[in-house]
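Letters A, B and C mark the chains as written, and numbering starts fresh at 1 in each.
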Amino acid sequence: MTTVSAERLASIFREVAGTLVDDFDLVDFLHTLTDRATNLVGAAATGLLMADPRGLLRYMAASDENAKLLELLQLQNDEGPGLDAFTTGRPVVNVDLGTAAGRWPRFAPRAASAGYRSAHAFPLQVRRQVIGVMNVFGATGSGDFAAADVSVMQALTDVAAIGLLQARTIRQSEVLTEQLQSALHSRIVIEQSKGAVAQACGVTVGEAFTAIRRYAREQNRKLTDVAYAITTEPGLAARIITR
Amino acid sequence: MITASVQQLAKIFVEIADTLVDEFDVLDYMHMITERVAGLTGAPAVGMLLADQSGRLEFVAGTDENVTLVELFVVQNGEGPCLDAFRTGEPVVNADLGVAAARWPRFAQLAAEAGYRSVHAFPMRLRRQVIGALNVFGANPGSDFGDDDTALLQALADAATIGLLQERAVARGDLLSEQLQSALNSRVIIEQAKGAVAQAHGIGVDDAFKAIRDYARRNNRKLTEVANGIITDPRLRQRVLASRSPHQEAAHDRP
Amino acid sequence: MIRDSIQAVPSSPGTGLLHRVVAAATGALAASGAGVSVMTESGERGVYAASDPLTERMEEMQFVLGEGPCWDAFTLRRPVLVPDLDGESPDRWPMYRPAAWDSGIRAVFSFPLQMGAMRLGVLDVFRRRTGSLAGEELATALAFAEVTMTALLDQHEEAGTGAADGLLDAGEHRAEVFQAQGMVMVQLGVPIAEAMVRMRAYAFAHGRRLDEVARDVVARRLDFGRDRS
């Protein structure tokens, strides 16, 4: 059952993107994100935990700050979908709390008595390092999330990680300067490699670019890395287009 | 009008989010954004310009890299929708190239000759700065986009800006460690402030949080900053729940 | 593990707990030195402990110059991890950076001694080689920062007290503890740091866990302003 609507998704996307390019408060942003995640899928509550250096999951934000929810979130250091998602780096979805007592003897009954029927958890990751988890509680039985919903919720969890890093870089003017310089410089290297490939393969520069991109994807390499290689490795330009 | 299905939007949203939490190539990412914009709008050409330190707009990515199109980007250092969006920080939408000769004599002529009928530009904003522009060329004259469309395309331009900064942040492990510690500590400050407000006003900690958040919003201040102020300044602790007019609050809170 | 490494440092007359902490941190983090500077909201500034004379100079220099990683860690309220002093932009610490470099320092890691809005100072770790704190080293450094904070907070300078543990046990990193800290601050009309000192003293005197005491405060079963502590 897909509960996500195009309008809601577009509006979340606009809000998130607009916030992350402006001066924003991280905790406030994470609260907003848990609110939006809850509304988007018609969940009852959403909470976000981040890991401290000891690997303990600590409460960061929730759609609702009531004590019962906080207790459930904190319990995840012992057991629960959050701990599982945190440990495995994979989402845990559509768990029916009514039948989960065997899996999580303490968490499941408490969550059920707090009025929740289902639970889900999404890992918060940066470069495949798991740094936290987003917990979603549903008021209805299991099976709420279709595959498309799972990827949207995972994307919203990714946004929390993006916000964590963005909160920092947005205030550092030297990061912007360096990144702009680096992007503009990479662009020059791409122009140079386009020229090299156009010359070596007898194609237009536009075709050369398409070929370089295709080559980078096929080789699973970064576009800029391939462009650098073309300008430094003799013979590579001629090999970009294989006939 | 953009008629994006939820699947289309979700796919783009997921693609952007997934890319930004892993190592990625900025230019690849910028190209991806231009392609998704073209896919959503059906525009024949989309490009992206970034300003260098002297304020010159440089072409960085496009759906098509043909000479005519690149020339259309270059000429906008003198005049054109990107320059306007860059200077004003506001989107330029639904400009009919057939009647734009007075506004941009050279650009309008070149663009019309290249077969485009309309043009749009969205500023790439970062705080109060503009760092570039996303440029969309349409095949229809005039009113391609409604308000919702404009907002969605602006969000994609913002996503491009986020990617520019994110690449570096993702690549630096130390930065992630620093940020995690900072976030965890901010959370503690908010808990402390909740306790202080709950005690000072005889309310529950849940209500205290709502009061602090409302106060921060009303006064256009950051949540963590207000929470910290509540700990260090007993007068702010009182004011968070006092019913007073907004202009008075603003006057009192700034030292 | 942290406690053992601190206990292993021989105590001699005049060396307090913090001197043993910085010595142990230097060893555990394969550092050239570690130092603790006190920095408070009320403007107190000064070097409190240093593992060796060079580290002491490095610490003092930050106050003399009014710049350096320890200032940033304090004002930004987050660790400042500089794995390569030479890799920083030239306008970051224009005076401190070359001076540290000339003294052979290549990397510096500064950890604020803080818990939410409560700030007591900074723990600085210096190395003569470049490179990030690897693997468990970051967690170890943060654990030393917590021990340092506890020692400063309790003002126990005598060795061998329970202060060589972290300020809070794992289970005590709960929202209620921090909420209670804010409440006690208001109940007693004291600074946020003092509120934690009172809560810890109360828990110790009554043989109770800090999080249990906190829960009573939040539930308003216990009021430090009203009840005898």
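Convention: a contact is a pair of C-beta atoms (placed from the backbone, for glycine too) under 8 Å apart; a residue touches a chain by one contact, two chains touch by 3 or more.
If you want to know which protein each chain is, UniProt gives these names: A, B = Transcriptional regulator; C = GAF domain-containing protein.
What you are looking at is a predicted structure, and each value in this text was computed from that prediction instead of being measured.
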Distance-to-centre winner among chains (Cα means, whole assembly as reference): A
Chain pair with more C-beta contacts, A-B versus B-C: A-B
Intercentroid distance (Cα basis), chain C (GAF domain-containing protein) paired with chain A (Transcriptional regulator), Å: 33
Between chain C (GAF domain-containing protein) and chain B (Transcriptional regulator), distance of the C-alpha-averaged centres to the nearest whole Å: 38
Approximate Å spacing (C-alpha centroids) for the pair chain A (Transcriptional regulator), chain B (Transcriptional regulator): 18
Residues within chain B (Transcriptional regulator) bordering two or more other chains: 173, 177-179, 181-182, 186, 190, 205
Residues within chain A (Transcriptional regulator) bordering two or more other chains: 52-53, 58-59
Where chain C (GAF domain-containing protein) touches two or more other chains at once, by residue number: 138, 142, 175
In the complex, chain C (GAF domain-containing protein) residues that touch chain A (Transcriptional regulator): 89, 91, 138-139, 142-143, 170, 173-175
Residues on chain B (Transcriptional regulator) engaged by chain A (Transcriptional regulator) in the complex (per definition of touch): 4-7, 9-10, 13-14, 16-18, 20-28, 30-31, 50-53, 58-60, 64-67, 125-127, 129, 131, 148, 151-152, 154-156, 158-159, 161-162, 164-170, 173, 175-184, 186-187, 190, 205-206, 209-210, 213, 216, 222-225
Residue numbers on chain A (Transcriptional regulator) that touch chain C (GAF domain-containing protein), as the complex places them: 52-54, 56, 58-59, 70, 74, 77, 174
Contact set on chain A (Transcriptional regulator) toward chain B (Transcriptional regulator) in their complex: 2, 4-6, 9-10, 13-14, 16-18, 20-28, 31, 50-53, 58-61, 65-67, 125-129, 131, 148, 151-152, 154-156, 158-159, 161-162, 164-170, 175-184, 186-187, 190, 194, 204-206, 209, 213, 216, 222-225
Chain B (Transcriptional regulator) to chain C (GAF domain-containing protein) touching residues, read off their complex: 173-174, 177-179, 181-182, 185-186, 188-200, 205, 227-228, 230-232, 234, 237
